[in-house]
């Protein structure tokens, strides 16, 4: 077995069983710095390709690399466990979107965009998931907290940076489009497990 | 109540058809209807969209009438309304009244400066909310860990953790601390400095005897190893005897036997 | 993508994302019984072969199948977590140094030098490591065991003979030196894995 192939297997074993997202720094460390970052990147790219037609895939997220099951097979996995994964309510997702797209924001900003008083459970749900954090305080009376999304939020959405979020829609152009209408109706009827 | 245009109301996806005015609308139906909305902005967007109106050119009088009709119906039925809904009704009525009021020369002056449309702030809020609403739908379609996929965490075979590594110097350090502590404690234990080589020979001899139990004295000596070895090894045998770890015996033929004690 | 290849990917996704052993019954269930046991077995055999040269392997255990990282890569995976190497406690190190420098010794000797009663775990730790052995018994009431270091001890420390151990310090010298004092404090405060 060549050295390259051996290193590749080691990296594969580590990425698959690490129980966490692994970054290049850690991979560099396990080989005592004997494998260059460039080689590590090449090997990871190869592994990524190897899994193109498999049930799992290697993705790069904000904190590093990790294997995940391909989302297209999730319905089978749910069947295996006989579970239905929880979905966040519209209120939670709208709050999350405001924080994600308009960060950093205060609770007051969220209230003024949504036009309703904020329910503390909603923000707490996002804190509990580790998706948002307080990154400072606004220079206003009461020093309201400034909320922003975390790396874990990007990790859990399989994204590397905030720029990879779906772009904000241009309402001025698309408002009357029927497609949006359909989307919203689909949204309304979906089963919501996380209620306010 | 009689002003409700029921064609706008859907219950369980079924559009409500025109009903006789005297028919009782169960409060629960309206409650369910209200619960569809995340707030007054959401309800307004719904009203605008249901009529294919342009958000940028809201016919404010029409929308205000519809909105206020819903709100009044809810209140008539004693459905608890969040204060935001009432606040929005006030905002709409105010905008409507400003648009309908005849323009005085002074307001004309002000308007000509900045083309102020009283609807503008509301339109901006509606656009911003609509953006976020659609963004949240898009965001919701991004695969989420635990909901749409699982992280792979292949089992690692149970194994002993790597045992600690030590360096010879670590032993020296341990000995130092031991010495210092015993001096500090002013104990009676005097740790005699002794040639390590003798201790090593003692161990080796004991190791041989552990196997053989009893050994001829001379067999404990490897004569090829030189004089200093022989001396140290001899002292080691004597030391073992002194410490009671071995017994040295003379048999009838005057052979010296060394036994494990 | 053929039906076969699709089923294979689904099974792969299930086996890899399950933190548990999966049996044929469960796999049969996720396809609503539409895939025969024979086909399932064939596919599993194929998956097994696919991973022959990868960092993980599919193994059959009494109650079903599961993936595991290949044992040969274990040390690398450990390294991912063990940024700090394990250390022996002061008690273990002192006991070992007494056995190394003063061998052969009894437990009583160790106690009298350290001034504290010996915890059997400490000696056991050294036995388990293969660094010490019983090489005889002292002619005393109770016939106490005589402890000595082994060849493995020398091997693991990179020594050929006991004489290559660092020389024992002179009491007077070491007592007066502040450096030694510092050494002790460093030693005392270090995180101890093997406690007394």
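Order as written gives the chain letters A, B and C; numbering starts at 1 within each chain.
By our rule, a contact is a pair of C-beta atoms (placed from the backbone, for glycine too) under 8 Å apart; a residue touches a chain by one contact, two chains touch by 3 or more.
What you see is a predicted model; the values in this text were computed from it and never measured.
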Of B-C and A-B, whichever chain pair has more C-beta contact pairs: B-C
Furthest chain, CA centroid comparison against chain C: A
Centre-most chain, if every chain is reduced to its averaged C-alpha atoms: B
Centroid spacing, where centroids are CA-atom means, of chain A and chain C in whole angstrom: 36
Euclidean distance of C-alpha centroids - chain B vs chain C, Å: 28
Distance between chain centroids, defined by C-alpha means - chain A, chain B (Å): 13
Multi-chain contact residues (two or more partners), chain B: 150-156
Overlap residues in chain C, where contacts from two or more other chains coincide: 16-17, 56, 67-69, 77
Interfacial residue positions of chain A with respect to chain B in the complex: 16-19, 56, 66-71, 74, 77, 85-88, 90-91, 93-94, 96-98, 100-102, 112-117, 155-159, 165-166, 168-169, 171-172, 175-176, 180-181, 183-184, 187-189
Partner chain C, residues of chain B touching it in the complex: 150-157, 159, 161-183, 185, 187, 189, 191, 193-194, 196-197, 199-200, 202-203, 206-207, 209-210, 243-247, 260-261
In the complex, chain A residues that touch chain C: 5, 8-18, 22, 26, 29-30, 53-56, 67, 69-70, 73, 76-77, 79-80
Chain A contact footprint on chain B (complex, rising order): 13, 36, 38-42, 49, 52, 54-56, 82, 84, 88, 125, 127-156
